[in-house]
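Two complexes come next, and they have one chain in common, chain A, joined by chain B in the first and chain C in the second.
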Partner chain A sequence: MTDVVFALAINGLVWGLIIALIALGLSIIFGLLDIINVAHGDLFMLGTVGGLVIATATGSFWVAIVLVPIIAFALGLALERFVIRPTIRQAALTIVTTFGLSMMLQEGVRATYGPQPRRMAPPIGGTVPLFGIDYDIYRLFAAIFAALALAAFFVFLNRTKLGTRIRAVRHDPETATALGIPVARVCGITFALGTAMAALGGVIAAPITTVEFRTGVDILPFCFMAVVIGGLGNLQGTVAAAVLLAVMEGLVTSFANPTIARIVSLAIMSGVLLFRPHGLFAGATR
Partner chain B sequence: MLIVEDLKADIGRVPVLRGVSLKVAPGETVALLGRNGVGKTSTLRAILGLLRRNGGKVSYNGQDLTRIAPYRLAKLGLGYVPQGRGIFPLLTVEENLFLGLEGPPPADIVEALYARFPRIAERRRQAAGTLSGGEQQMLAIARCLVMQPTTIMLDEPTEGIMPKLVAQIRAEIGAVAKSGIAVLLVEQNLRTALKLATNVYLMERGQVVHEATPEALKANPDIVHRYLGVSL
Partner chain C sequence: MSAAVNRAALLVLAAALLAVPQFLPLLNAGFWTNVVTEILIWSLLATSVNLLFGYVGLLSFGQALYFGFGMYGAALAVTHWNAGFWGGTLAGIVAATLMAVVAGVLAVRLTWHYFAIITVVFSLIFYFAAMSAKPITGGDDGLSFSAPPVFDAFGLKLTLADTVTQYYVVLGLTALCYGLLWLILRSPLGLRFEAVRENDRRARLIGINVYLCRLTAFILAGAVAGLAGALFAFFGRYASASYMFYHVSGEATVWAIVGGVGTLLGPLFGTALLIVFRELVSTVWENYLFAVGALTVLVVMFAPRGLAGLWSDGLAKLSGRSASQPDPQAGAAEAPR
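Moving on to the complex of A and B:
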């Protein structure tokens, strides 16, 4: 029994780190552009599908892990310019717009890639003994890679000029404009970064999940819960909440089942909304 | 020279500027005065394109600003210290200072700036939100000066500042003006405005209703009382 608990907890941690990457993208987009991107899960789905397609075409997963975020970044720039920007600062309209985008992405993938779920072989095979269980090496790699990507993002945000400008625009776009910062360009780059992070999460997750046009539908609510529990726009809080939620769901699943685990997550989110509406980690924003 | 002609702007459907005209010549300190809500802040925001203009003309050194993206105006030499200081509280003092510069700040500018604002220099690694109100105002002015502007627009720079620091901020604005930078000053503190200004515009209901030198204004207390509601 202890083995199962460990395995599910570690699986939760692995998923938590991947979801943190995706939820972080959702959170920076919300924090900067004030939009709730309903299509964010589908950008993750595009990452899984794109990863499988590129890995199959080139014969290398490593080519896919490099190319997919780059392509997603370019796609994000185009989406921000032509889909998001025309509806910016109109909250209700952005939900409708991104919902439409979500439909288009899902149906576009179904029409071109097909409706059947597929599996992607992990690029690293084998297992390692971990707390008395044999654990997939690839899952450990995915966790470490996601953690490194998260760390790199925070270094970028806190140590580079562009990162500093993103933080400034999040706080006060008008003063940032008066200081000579091209706010529209910063917003475009931020949306593209969020898109690239979701797609990168998709490539990493592709070997440990099913790859199909609806993959993003399951991931989106989890990301939203992480963003709400962590505090809207609170990036560190989002990462912490994603990891905590995923580990908690893993542990609950070992005693009950995934449905009960999700109910517990929703109950936690409701509690946070009722008693700490600014998130569990309010005040830790930077 | 900054020339504003018949500038009009709305917030939503409410007209806030109904044709503002003013001029700020190089080396001049112009004060824009009026009661709360007459459109002083809106005038500055509309000049910078931060508030959508729907009529009139704004030109700076012969360039039509209405055709230039607002973020480019800082590079043309128009600096802005917004009402409430506009500090980014979670960024460090240093990050705030050099945010508008494209590359790393030139060493001579940094040195001169820190020599001029020693309190800011001492606190450069701190989050800007931890500074006092007066220090934040100094930071906002210093941040504007880093961009090497030729005109600075200051919106209520002494608002919410401890009285003993008001004189310090007033001295700093005076020093800015003395260095040859033109100043457009929105100020509720009449004493401060009249001390610093070389020319004064009075606003009411989104329009400039009176223009005078500080001396002429001091000699005409009725006008001051009518448009500002205070006695000299």
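Moving on to the complex of A and C:
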């Protein structure tokens, strides 16, 4: 029994780190552009599908893991320029545009890639003994890779010129404009970065989940939960909340069914929204 | 002048809706009558979004929850208590209203993003609960039942099995609902709603109980969504938990905003546009949802105030005056966070 609980907790941790990557993308878009991106889950889905398609075409998963985020970044730039920016002044409208976008992405993938769910063989097979259980090597790799990507993002945000600009625009767009920061371009890059992170999460997750046009629908509420429980605009909080939630769902799943686990995390989220609306980690650095 | 035009347009709309079953079957027996029936029902769900967003400035992304309660209220009352059509409809409205009271007491403490998110969360909780409570709700497969007659006395029997009867029953109830909302929205309560939407701080300073106002609107919106759900259950003769998913709420929000929030009939036209478009494209293209998504994005980009905005701008241009209507979204977008 303890083995099962332990395995599910580790699964939760792995999944949590991947979700953290996706949710962080959602969080920076939300924090900087003040839009609720309903299409974010579908950008993740695009990553899983793109990963599978490119890996099959080139015969190498590693090409996909490099190419997909780059393509997604370009797609993000285009989406921001042509779909998001025209409606940016009215935050409510962006929910509608991203909702329309979400329909287009799902249906576009269904039309081209097909409706049937597929599975992707992990690029690294085999298991490794881990505290008494045999654990999938690929899952460990996915967790480490996601953690590295998260760390790289925070280094980028805190140590580079562009990262500093992004933080400046988040903090006070007007002053940033006055200081000569090209705010519109920074917004575009941020959206593209968020898109790329969702897609990268998708490529990493492709071998451990099903690849189909609907996966984004399930992942979106979970990402929003992480963003809200971590505190809107609190990036480190988002990461911590994603990992906490996933591990908790993993643990609850070991003695109840996954639906109950999902209801429990939703109930926690309502509690956080009502009693700690600035997130569990309010007061932490923004 | 524009008021007169609007009144005339309303008469034309009413006449057209009354005449629907007479003309549409010529094109395709019963099919388009059912499409218009469906539009009327879904427009009520869009109206429930509009009541909150367009009139008190709260963007809900979870109205499908009350729609689902309306569906199950009606379906369970008919299957377990042998309730008739009217009893079932009432049960649906009551179930949705009670749920809205419980959810509203908590949800309207929050505004803007937080409100949008907590409404989704509430609807997801009950969606998952309904999905796993298969013995009661039927889960994904749903709960089928046979619709009781609408009226059965004095030798006259009206049933929903007849497409035209069903259409007029739905039209009557929808019209009644819009009529009541019209009365409410032009009453002092309706003015208070708008004051809260425009500026909740000023509204509070002139003595309006903002919390109570928002709660009233929330419960009202829940009841309207419940009516929509009950009617849809009778229309499809079944209730399913899948209608409580956030995608349904999202669609309703899209219909309301595409139609134009802050106007009573805007959502009806938004719903009509997107559903008619969907029905037309789906006959020629399998991946019609792509086109629906594209249309949604385009409408919002080129008509940010929705169809109602286009209409009032058009009227203003015709009468040679500039549009002086305040932008209904402006208030909501600037709501303090």
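Here, the second predicted complex is superposed on the first by the 284 of 286 C-alpha atoms of A that agree within 3 Å, B and C clash if a C-alpha of one lies under 4 Å from a C-alpha of the other, contacts with A are read in each partner's own complex, and residues count from 1 in each chain.
The rule is short, and it goes like this: a contact is a pair of C-beta atoms (placed from the backbone, for glycine too) under 8 Å apart; a residue touches a chain by one contact, two chains touch by 3 or more.
Nothing here was measured: the structure is a model prediction, and the numbers come from that model.
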Report summary line: Of the two partners chain B and chain C, more of chain A gets touched by chain C
Report task. Applying the touch criterion given at the start, work out whether A:Gly180 contacts chain B, chain C, both or neither, answering first, second, both or neither. Result -> first
Query raised in the report: Touch check for A:Ala196: first (chain B), second (chain C), both, or neither?
Result: neither
Query raised in the report: Taking the superposition as given, does A:Arg165 touch the first partner, chain B, the second, chain C, both, or neither?
Result: first
Query - Footprint of chain A on chain C - complex, ascending - result: 53, 59, 61, 106, 109-110, 113-114, 116-118, 120-122, 124-125, 128-129, 131-132, 246-247, 250-251, 253-254, 257-258, 286-290, 292-297, 300-301, 304, 329-330, 332-333
Query raised in the report: For chain A, which residues are in contact with chain B within the complex?
Result: 164-165, 167-168, 171-172, 174-183, 285-286
Report summary line: Listed in rising order, the residues of chain B that touch chain A in the complex are 45, 48, 50, 69-75, 80, 82, 86, 88-91, 95, 99-100, 143, 147
Query - In the complex, chain A residues that touch chain C - result: 36, 38, 83, 86-87, 89-93, 95-97, 99-104, 106-108, 110-111, 217, 221, 224-225, 228, 232, 257, 259-260, 262-263, 266-267, 269-270, 273-274, 277
